[in-house]
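Everything on this sheet refers to the single structure shown next.
Order of writing sets the chain letters: A, B, C and D. Residues in each chain are counted from 1.
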Amino acid sequence: MVRDRVRFGLIGTGRIGQVHAASIAAGPDAVLSWVADPDLAGAKSVAARFGGTPTESPEQLLASGEVDAVLVASPTPTHVTLIGACIDAGLPVLCEKPIDLDIARVDALRPKVAASSVPVALGFNQRFDPDFAETHARIKDGEIGVLEHLSIISRDPVPPPAEYIAVSGGIFRDMTIHDFDMARFFLGDIVEVSAIGAQLFDAGARAHGDFDTVTVVLRAASGSIATISNSRHSAIGYDQRLEAFGAGGMLQVANAPSSLVSASTCAGVEAKSRYVDFFLERYAEAYARELAEFIKLVRGQRSTSPTFSDGRAALIIADAACRSAEEGTVIRLTG
Amino acid sequence: MVRDRVRFGLIGTGRIGQVHAASIAAGPDAVLSWVADPDLAGAKSVAARFGGTPTESPEQLLASGEVDAVLVASPTPTHVTLIGACIDAGLPVLCEKPIDLDIARVDALRPKVAASSVPVALGFNQRFDPDFAETHARIKDGEIGVLEHLSIISRDPVPPPAEYIAVSGGIFRDMTIHDFDMARFFLGDIVEVSAIGAQLFDAGARAHGDFDTVTVVLRAASGSIATISNSRHSAIGYDQRLEAFGAGGMLQVANAPSSLVSASTCAGVEAKSRYVDFFLERYAEAYARELAEFIKLVRGQRSTSPTFSDGRAALIIADAACRSAEEGTVIRLTG
Amino acid sequence: MVRDRVRFGLIGTGRIGQVHAASIAAGPDAVLSWVADPDLAGAKSVAARFGGTPTESPEQLLASGEVDAVLVASPTPTHVTLIGACIDAGLPVLCEKPIDLDIARVDALRPKVAASSVPVALGFNQRFDPDFAETHARIKDGEIGVLEHLSIISRDPVPPPAEYIAVSGGIFRDMTIHDFDMARFFLGDIVEVSAIGAQLFDAGARAHGDFDTVTVVLRAASGSIATISNSRHSAIGYDQRLEAFGAGGMLQVANAPSSLVSASTCAGVEAKSRYVDFFLERYAEAYARELAEFIKLVRGQRSTSPTFSDGRAALIIADAACRSAEEGTVIRLTG
Amino acid sequence: MVRDRVRFGLIGTGRIGQVHAASIAAGPDAVLSWVADPDLAGAKSVAARFGGTPTESPEQLLASGEVDAVLVASPTPTHVTLIGACIDAGLPVLCEKPIDLDIARVDALRPKVAASSVPVALGFNQRFDPDFAETHARIKDGEIGVLEHLSIISRDPVPPPAEYIAVSGGIFRDMTIHDFDMARFFLGDIVEVSAIGAQLFDAGARAHGDFDTVTVVLRAASGSIATISNSRHSAIGYDQRLEAFGAGGMLQVANAPSSLVSASTCAGVEAKSRYVDFFLERYAEAYARELAEFIKLVRGQRSTSPTFSDGRAALIIADAACRSAEEGTVIRLTG
């Protein structure tokens, strides 16, 4: 039976790792075969819930001979090494974003990826969100004509802990990077980056020289423009909206409500329930579809999984945004 | 200059009378020529603001020779007499609804109206509301196919004073009568009436044996069904909705917001501003269009003004609803 | 491991039976142990997908000793017999609605149910829909004060086949019965029923003397009013709305959209995607929660599962609606 | 009677001039006394409709002794001269935006304005839009806490003629200038400007070296950020939205619908009617309120009319946006 199922090795059993473990276990096309985490208790806990052999050692997982594909959900600094090891082991790998916070390390890995036929996919799950994907498809079908302006709003409910910010690489590489990938998904190559950042409310961001509020304007090679607005807090819940404007009109993706109930009272009419909490709820379906698409890649089928190149391109934009925000200049990207 | 303008005599200078006075004065097609009210101060006040000669006496107004058409906005018990007097004077008349609370008095006037060529229009202003009229026109154009079910929700912000209820003729003749006319406007002749009423909150209604909450189901000659829900209070503001359902889909008229602003906070998202206060705000445009249509009638042009017959038909439905609610039976209407 | 899980016997493997099989198999609290269907192929197919021993014989299932609770999803005429057999076998049973189309048969079973301590639950799944349940809870919490008027709109996408209508017991017993239960859920005992039906579009309904469009008005013992509007077709997709109006305002449950995307073009602005297809999609979560609540009942915990009495009460209202629609009278229900 | 009314001299009888003439004539506080336009036919036409003495000569109007205040709605190149002439004549003036396209000419006039006590108001009518004003007031009241991010979307239905673009000063000075003033209205002084422009669809803009699509990011002295998105076309109608985001939540101003009707069909659900056509419809109320506020200024009462300084500040931002878009740099504004 397992023969028909892709045997997954999962490296990293934090919040995202657990989401992937659940997705792997839920579907008919995959099985969780090995689970690695230096924190062995974490590996054991995930293995107990979703199957697989727990280990402290990613190397043991890769060498087990019982793994057809690897899902890397470990901390960012380990990604480059693990992708390299997967390539060496000949195992297709789906790695969480970002590849690394340092473009030099990404570029060092780049020739190896290019020289290999082992598929390397990046975890830009938002491409697989049904609503964003539907919008993308409808634009491709010409429903609104040429896409002239893309607006992305992405605001997290509450700022992360200061310790997280310290190692995050900054808001552009940590949070906006999803939006950079979405901009590329909708608009193709980006040639110009202009970013502005502010420290308005979060002491943790301020302490680490990071911004809590940023706006980025991108110009695509096509000439079209994208605007991204991020905030590290949002009293109204997880704020994830997208608006695509073209000659023929506009497609909008609204926030995801937590229920269908609205209240009309003397305080206000048609007040809706709060939005869903955070990315695990908002993008639950996206994670499942991301995995399904990666499984196609593993099986050698046509797949739309974002690649190592997509991960690198988003990081290059993030680096440019950092520089733009710091220097107050517009950054032109070259090839 | 006045030659091109219809010279209006207004009888009654209460709330509705003032609305009509303002409409008459605002447009290029009419002028307020005489204003009658037994309360001479009221007549004088309206004349000072909108023009015309004030008088205590409707008879003087009708005999002035300076009036081309009459607008009757006096208390309901005076309507039958005044319509008759207008016919005698050969003056087209737009009379506020209802014609009378007593169908016997209406029927006594009926032959005179029928025998005369003087136009008698009834003030069912909601037919002229731009949104209801648009919906009506789109249904006629076939946008949703055959109209199968019409739902009307009409709820006033707060109950009227008990003294008003005492002379109102009851909720069906006073409030629902607008909805009965709308049902006829959309569905044509009504052949069956089933009503249910409740005394849930208003001491004034209870004291006078009236209901504060009613639901009426009507069957049209075409077989289609209309549902009407009324309440004498509404914490959310004036609740005036209409939903037309047919084979091809649905047309809905939403409540009229008091602004375009919505608030999203931790308390609820996209909470909109309150609805507009009451009928004077909600149907301001309808009053103006009603007048414009009546002016066409006065000028002998094609006009869609509701007629004496429409006023009588609505009252017959209201009487049937009263009986249905009291007796717990379904009332069949005959020709 | 099975010791901690309720071992289910499923009788009936049609569309709803399969939904329940999937729910049973998905959760950690239950396991599918036996599956019965006179169509053995159906039983085998479900058992292959979700587990359990297949059989043609419900009796064998009940006698297997491997079943802790029974889920009856077989055709309506078998319900009374199977509930009786479950009681005889001492097995808690969750039976799909309705108990039967004939109140006499229901009443014949009633003493047995009353005399037994075996839990009998009825499959009114809409009570467990998260949105309806949230609305119910918020009303209980007093958010809108006393509930004065409840409006339920329920329209199916397309009419069922004529053969289905022939054995359905008519629209009131087949379709409206869900709404009758919802009215009782929100308003308690119903004391008055007034129904009107029309044959507007469905040849199948007409052929079998059934209506395709109905409206029912109910009065609760509390004096409050409920309005139900049904249609056997809806071009806009599955139309399932509820509106609860009270002194303090209104709670509304909107239709479930199939996506978060809206389009604004020259043809219309903010046009949303279609509603979800039908009840399996709209009430997927409700089915899962219904099962969870029944499992509590099986385990002797506090449970809000609707009971045999609820099933009987809804049928009595349905019978009254039939009579009301046929005779054109308002039916008063007595204890 | 005229004593209680401000006697207005209107200079310029184009589209906007006519709007102001109608506003002046409609209210109880003003009267149109003189109307000047080099095109005497235009002056005569406006005078015939709304009152006043027509003339070809603004000088004659200013010298008439029958004017208490002046409304300048003539072409932009005349504004500086006419404001100066009004100051010389001691007549309060409300001048349409912009003061001039050339900041040097504005600065040349500046000392005269500063040295005079004659009120000079600028026609930034959007400040008086009821919805924007409500949002501004609610933010001041603290409803959403500190305003962190302001997003303004402004898109015209169709591009203006190429000849208009030729003399418009470019999109930033012609169209975005309203949004620059709104940004200042909500956020106070602007210290940083970053703009990006594109030529995506309009041949007229391209021919004159102008953009048809622009995005501007502004940083306020407070540190908060504003984003402005403009387009010269919009298939969905006049697109005028504003979103204010703060620690406590968000206030949004939606587009103004042309009716309350929505359609749900198989093509899409809850599709609403188009937005109102263009600025004359969208900002009709704003023009009236703008005038009322200026009348207060004329009467020496407290007034919130935007001033010459506001007009100058918006132009400085527009100039910076031009430079930013051309040079690809972020422009820092100094005092």
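Here is the rule we go by: a contact is a pair of C-beta atoms (placed from the backbone, for glycine too) under 8 Å apart; a residue touches a chain by one contact, two chains touch by 3 or more.
Given the structure is predicted, the values throughout are model-derived calculations rather than measurements.
Comparing chain pairs A-D and A-B, the larger number of C-beta contacts belongs to A-D.
Taking the mean Cα position of each chain as its centre, A sits at the greatest distance from subunit B. Taking the mean of the C-alpha atoms as each chain's centre, subunit A and subunit C sit 41 Å apart.
If you average the CA atoms of subunit A and of subunit B, the two centres end up 59 Å from each other. Subunit A and subunit D have CA centres that are 42 Å apart.
In subunit B, the residues that touch at least two other chains are 144, 235-236, 248-250, 255, 263-266, 270, 273.
Put simply, subunit B touches subunit C in their complex at residues 144, 146, 148-149, 151, 155, 192, 194, 196, 198-201, 213, 215, 217, 219, 223-225, 227, 229, 231, 233, 235-236, 239, 245, 247-250, 328-330, 332. On subunit D, the positions that touch subunit C within their shared complex are 235-237, 255, 257, 263-275.
The touching residues of subunit B, counted against subunit D in their complex, run 130-131, 134-135, 138, 143-144, 248-256, 259-266, 270, 273.
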